[in-house]
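Just so it is clear, A, B and C label the chains in written order, and each chain counts residues from 1 on its own.
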Amino acid sequence: MAVGLTLIFGVMRVVNFAHGDMMVWGMYLAWLLATRAGIDPYVGFVGCAAVLFVTGVIVQRLLVDRIVDAPHEMQILLMLGVALVLENAALVAFGPDPQRVRSPLRAATLWLGPIFVDVARLVTFVLAIVLTFALYLFLQRTDLGRTMRAAADNAYGALVIGADVRRVYAAAFGIGAACVGAAGALVSPILPFQPAGGLSLSVASFNIVIIGGMGSLPGAFLGGLLVSVAESLGAVFLSPSMKELVSFSLLIVILLVRPAGLFGRAPV
Amino acid sequence: MTPLLEVTGISRRFGGLQAVRDLSLSVAPDEVLGLIGPNGAGKTTAFNLLSGFLAPDRGQIRFAGRSIVGLPPHAICRLGLCRTFQIVRPFPRLSVLDNVRVGALSRRARMEDARARAREVIEQVGLGGKVDHAAGALTLAERKRLELARALATEPRLLLLDEVMAGLNPTEIEAIVALVKRINASGIAILLIEHNMRAVMSLSHRIAVLNFGEKIVEGEPAAVANHPRVIEAYLGEEYVHAPSR
Amino acid sequence: MKWLAAAALAVLLALPAVLSSYAVTVFIFIFFYAFLGQAWNIVGGYAGQLSAGHAAFVGLGAYASALLSAEVGLTPWIGMLVGGVLSAALGTVVGYLGFRFGLRGFYFVLLTVAFAEVCRIVALNTDAVGGALGYYITFTGNPRQFQFQDNRVYYYVALGLMLMATLVVAAIERRRFGAYLIAIREDEGACEALGVNTFRYKMLAMVVSSFLTGVGGTFYAFYLFSLQPNAVFGIPLSVEIIIRPIVGGAGTVLGPILGSFILSPLAEVARVYFGQGGWSGVHLIAYGILLIAVVLFLPQGAYPALRRLWARPAAR
């Protein structure tokens, strides 16, 4: 989830405020697939990723492309607008109540050595790692991937060497959205979701990405692990409703202490 | 006469790179000191150190007798040391007048006074015909004049000009050189970073040469131009012998 | 232009005599949100520091004056100022943290959102102020308690607030403070080089903005009589606050007012036609689309565009 956000920022320098809301749509799509077509989210996430990929490309081509060079306030406002539309469209389409996806794996549990593990979470975890690794390979080995990294480093230089920057941007946004769509689907059996949840997911993503460093993929991955651990600890020691407090307080502290993150580049 | 600006042994490093090393120089109240050196020699870093955008790791900077190390840029400007930027930074959506007025407001709190002063300065730099144009719509040469006008409006005693000729054609350069001479003649000292040797030779009373963050030579233009170490630093680059001041 | 404004004012003053109570309520919201938007305009429009957490100040002002009135008997007319001061204090903290630590653009937005959410969660979990159930004010209709029997009095109070804020913004725009804020919005670094203490002026903008917003909180409390943390500290309220100046013209005196006159009726229509059941979010979708449209096509907002249209036929 955070990996998608950092990819979008790294390549395009655009902050995707609609990230959390896209993830919510991923969750709802998975739910739709599960209830209407009977496809288990652990298989259906591919479909969710695909749909969100297309959405991402459309959003990018239609909207984001036009403001790539605009002042940052405009980019923020644009994505805020997209977030509003996505969140409330979900509200209208699916209603405000929390949902969950049923998956046969949900109930299964395993003993892994001394630890009692929930299979669903284990599968999610493993798949997340696999996908992240796949993305890493994509960026390192394929032409498009390398072009993306070039564009992230130096947009002008990339233009000079003939890269089709617009295509790269579209791909980056699309892949970023796909990541988050997949993430949503993978998490849908585990976490209850509702349209209003978009914001806290966005915040969680930002937390992770800022800690790990904006624009850095390994940073996003490590950041994700760090933040999850911190939040889990918070949930253990504080009441569940205060868990959100932890993530927001964490965000404030992170913003003040290291906006560039562990591996990242400083904001423009 | 006591120097207006006295820099003693300032240094600044960025991670592994020593950008400025033990730099000392001084500027008299009415002179033009040229600062030259190959790209990456640390000239703009020195400007950032002098104008408060960066703090030196070591060393002392005294302006009009008082230490300015650690002061924020706006305070240094109010003391009379004003800088321009290598890549011009106009306020694009504001008019030329409003741009310059921001500079004037540092000395005149009342809007009408600031406006009047701004108009004066705009005439002085030759942008009188573009007073109400948006700064974003100006040509590069005009933006350079605007940058100068804004700085002048703060009523500086010392002006730091960072490559003000960069990107201009020969006619424009001649015009700017004349303008800078006029500014200096009106009593403002100037510290000038420049790559255009003709301009530097023509404008400067003295020249300091930087290479790899250190000052290697300082003196009268003619002496500096012929100095073997300077020729060595610039080896492979052309330079023009121009009549000294 | 002046006579047009005077005429409009006269019309607004006379309107309650002819409008239905429902219409008066619509106008009350137009004025009130224009007031909040105008307060935001100082720091968000002129200084260009996008705060998406201004609801925090509304909430703080609202709870403060409500609690002071109910527990201590302090009249909200004074409680309003206390609320404003408390909000200004919070604004000082947020501003200090943001500006001292050099948070720009998106990072600053996140900071303000985080603070507003923290306030919301704290209020949700604090039973002393009603917790998740909210805090309620008993209606007495007593003007000394900032409560009025007649809807129309609220109309004039809201109108007064809007005018007051507009005068403040106009005064700021005319002076050095305003010129500096606009320049800061364009390029802070260049400002510093020209002798502008950007930190001081951004802080000042933040303090004034948050104070005014806090005052608005009192109106909120004593007009709606119920304070729900999710409503009064939540993002939707912050969105309502910022969208009016942005659509109407951020950084202009009349922008927030124009924006409110455009958006409040729009929201009302959306709510009336789609308001039942699960369609309650429709007006926010419209907001989102408008926001996107404004950014893409009218980045400076409606008012500057109108002004250009107006000027064209008159151009030489």
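We take it that a contact is a pair of C-beta atoms (placed from the backbone, for glycine too) under 8 Å apart; a residue touches a chain by one contact, two chains touch by 3 or more.
Since the model is a prediction, treat every value here as computed from it, not as a measurement.
Steps from subunit A to subunit B, taking the shortest chain of touch contacts, total 2. Closest to the middle of the protein, by Cα centroid, lies chain C. Subunit A and subunit B, compared by their mean Cα positions, are separated by 47 Å.
In terms of their C-alpha centroids, the spacing between subunit B and subunit C amounts to 44 Å.
Taking each chain's centre as the mean of its C-alpha atoms, subunit A lies 32 Å from subunit C. Interface residues of subunit A, counted against subunit C in their complex, comprise 15, 63, 66-67, 70, 72-74, 76-78, 80-89, 91-92, 95-96, 195, 199, 203, 206, 239, 241-242, 244-245, 248-249, 251-252, 255-256, 259, 267. Listing the residues of subunit B that touch subunit C in their complex gives 51, 53, 72-75, 77-78, 82-85, 89-94, 98, 101-103, 105-106, 109-111, 114, 150-151, 153-154. Remark: subunit C residues 174-176, 179-180, 182-183, 186-187, 189-198 touch subunit B in the complex.
Put simply, subunit C touches subunit A in their complex at residues 48, 50, 52, 97, 101, 103-107, 109-111, 113-115, 117-118, 121-122, 124-125, 235, 239, 246, 278-282, 284-285, 287-292, 294-296, 299.
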